[in-house]
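Please go over the structures that come below.
Next come two complexes built around chain A: one with chain B, the other with chain C.
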Partner chain A sequence: MGLDYKLVLWNKHKKNYDKLIALGMVLYLIVFFVLSLVTNAEMTAETIIIRAFGSLAIILLHLILVIGPLTRLNPNYLPILYNRRHLGVSMFLAALIHGVFSTINFHTLGSKNPIESIFTSNMDYGSLTNFPFQVLGFLALLILFVMASTSHDFFLKNLSPKIWKRLHMLVYLAYSLIVLHVFLGAFQQETSPFAIGVLCLGFVLITGLHLTAAFKEGKIDSFKASKDSDGWLEVCTTGEIEESRAKIFTVEGERIAVFKNEGKLSAIHNVCKHQGGPLGEGKIVDGCITCPWHGYQYLPHNGQSPPPFTEKVKTYQLKVVNGFVYVNPNAYEEGTEVTPISC
Partner chain B sequence: METVINIFIIALGLYFGLGLLFGLYFLFAGATTIDPLMKESKKVVRLLLLPGTIATWPFLIGKLFQSKKV
Partner chain C sequence: MIAKQRKAHKLVWLLMAVVVPILLFFAIKDLDFAANIKATETTEQFKVELVKDRTILITLSKPLPSSSSVLYEIDAAGKLGKVMGQLQGKGTYEFQVSEAASGIAIVDKIKNENIYTTTF
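The block that comes next holds the complex of A and B.
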């Protein structure tokens, strides 16, 4: 939403968030080092570094993967979503350190190129218990690289939000590869049963939350509105929408947010132009509909971002009859002015 | 299996090599023609964008050609 690209878009909230991430990571690493040295004094520094950063990366990845469904189930988690990108980049850096140290430790002593060595030092691709698990880690790291390196609004815009979103959906593939990397690695390394237990629990948590959130959204989509004689759809009563808030309805396959601003109603397409955030879960702040994900703003009466910004979403016509709100399912062009209607 | 692995690694190397060449051109020249925000952007910002350009250059190259046509 800026007029030139900045290194990082920081504000006070994001700075505090980043400090918290950095502090958490450092604390985790210190605790990991101390515990490793206390419980097993013979462990080499390299092994501790490899394990500390590998486990840190997978913990951060879990956090990243639960944020999405958590915010859909309970908006109180939104502040964590707000800066998820920085969490993603931190996770990649931790995974990179783990991968680079493992590669240096296990694959730079021979005459082969280290990357080739990751793939060929163990050729037991048909085995389960002796599978070359490091290959899976390497492939996951490639995906994480693509995601972390494109975590900037420049790419969102120049790759197009659709491609960007698809690339970032690869996080689920990366997650699967990493789970296999750790499980198959466990046959060959003395990974503790505790770590395996935590990983299983994490898997149940992530799939459980995704399914619950999908079920909740399915309910919105299966909403059937009744039509009046003009083909307008009755969606709710005026009292059901709180001031400065919205309700979301799926009308002929499109999600629409109906907002109440200073007692008047306006309807816009529910999908934020930035990364598809659910506008109807946001609030009206200073007269602008504010996306709950990263704060892009739109004016309720025309779906346009306030100048100098240029984002626009579709708008819809509303009417109120006997306290019932009706939506005209035929959308207007993006950014079309529609006079808000009184309840 | 060895050949598959060799081809994969060479392809990966080529992808990143070409990506680096394209990325340098794109960030310091090409992108300014398709994204007006790039004109004002500082050098460090462009360097920060380099890894991502290397990673996704096939998508960006298409966009550059499209914009040249219009």
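The block that comes next holds the complex of A and C.
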């Protein structure tokens, strides 16, 4: 959380995360260069750069895309979600180097504008097997550029989390374009069953994880609580909620988190105002509900971020009858004070 | 995520799980995985690869020092046959060898020197 917009709000964890990213990328590039020179001494430096950075970008994109579903399936993976933005920007830089070198190598020797040349050097747009694959890569790079340049809280706040999220869901389109770019480009020239198999496996892994997580979430969404005569929903017993933790329930299609703090219960909307993190999967730290994704905090009794921060989420009224917790499904306005109830 | 976003994610991945594999299948269905390199010979200045369907790939890492480098087919009798082309600057050259050829030769026609010969 920050009051003003800085390029990067550095902390020890982010620095360690970034060091790991940089080290992994440099190691991969060194190994790729050495192996390329050992196995094919005639390969030009430009070709090695194009292949090294292209393959690096694809590997990083796979890593980025598995983080989301992994954290939804197992919260132990949450630490790798914390600084995913930097991984995304690093991936874009690798893809950019691949794109720039490819354009220089293949499209700058003629009289045409290089960008125009990408779109017109192969006009077989009606063919599926001979489709101009470089166009697909170029469009994917454009999407990644938009995403990398808006990967900052300034844009998140000013575009609104809803629009920002929609914009960043374009990564799925970029991923599809990139996979097709490789299949219609590199794999047409070097028909390596191993490389094709690895990329297919990557696609199956990512798609499988996303769908598994989606179906798991669907089960939570289909939770139906029984109503009492006043329309309140019975969600659990008081003993089912651990101290400083929450249980998540679906109420009227939306999720709410019922927290226990110092023996008292409070309920807030489960979605963090920052990037939509699941607040109910976080815990109470120093009296504040702390989002497990990026550490945004809210007070349990009013859903407001502690001053001077201004984020607010909806709150809900609770009651306990014979050890059972009931939720009033009609939410209060964001930031409305609700007195916590004793268990 | 809110409920609408979760639903949108699920729909996007269901769509991708169906559409992308179909496109990938059509992208590689005509690939010939057996079209790998059958033989390779490497000299200091160039590499000659024989791939399937009697295709020859010659990769020059730098221009040949000879003033004329003409590529010939070698006929069944072991003599120079059809002219296939000329090697000039560095790069990869692709030639189709006829069924009757028993090999190829690179010849400097000005000095009338044989630079390289290989038979299949």
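Observations on the structure shown:
The criterion applied here is as follows: the second predicted complex is superposed on the first by the 338 of 343 C-alpha atoms of A that agree within 3 Å, B and C clash if a C-alpha of one lies under 4 Å from a C-alpha of the other, contacts with A are read in each partner's own complex, and residues count from 1 in each chain.
By definition in this document, a residue touches a chain if its C-beta (ideal position, glycine included) is under 8 Å from a C-beta of that chain, and two chains touch if they have at least 3 such contacts.
On a predicted model such as this, the values are computed, not experimentally measured, just so you know.
In the three-chain model built by superposing on chain A, chain B and chain C fit together without any clash.
Touch criterion met: A:T150 reaches chain B, while chain C stays clear of it. One geometric descriptor of the composite model is the angle centred on chain A: between the Cα centres of chain B and chain C it reads 90 degrees, in steps of 10.
Once chain A of one complex is fitted onto chain A of the other, the partner contacts of A:L211 are limited to chain C, with no touch recorded for chain B. Shared-chain residue A:K319: touches no atom of chain B or chain C. Of the two partner chains placed around the shared chain by superposition, chain B is the only one that A:I115 touches, whereas chain C remains out of contact.
Applying the stated contact rule after C-alpha superposition, one finds that A:Y172 touches chain C and leaves chain B untouched. Look at A:M123: by the touch rule set out above, it reaches chain B but stays clear of chain C.
Once the two complexes are laid over each other on the shared chain, residue contacts for A:N158 go to chain B alone; chain C is not touched. Once both structures are fitted on chain A, no C-alpha atom of chain B lies closer than 20 Å to one of chain C.
On the chain A side of its complex with chain B, the touching residues are 2-7, 113, 115-116, 119-120, 123, 125, 145-146, 149-152, 154-155, 157-159, 163, 167. Residues 1-3, 5-6, 8-10, 12-14, 16-17, 19-21, 23-24, 26-33, 35-36, 47, 59, 61 of chain C are the ones touching chain A in the complex.
Taken in their complex, chain A has these residues touching chain C: 42, 128-129, 165, 169, 172, 176, 179-180, 183-184, 187-188, 191, 193, 196, 200, 203, 207, 210-211, 214-215, 217-218, 221, 253-255, 271, 276, 278. Residues of chain B touching chain A in their complex: 1-2, 5-6, 8-9, 12, 31, 34-35, 37-42, 44-45, 48-49, 51-52, 54-56, 59-60, 63.
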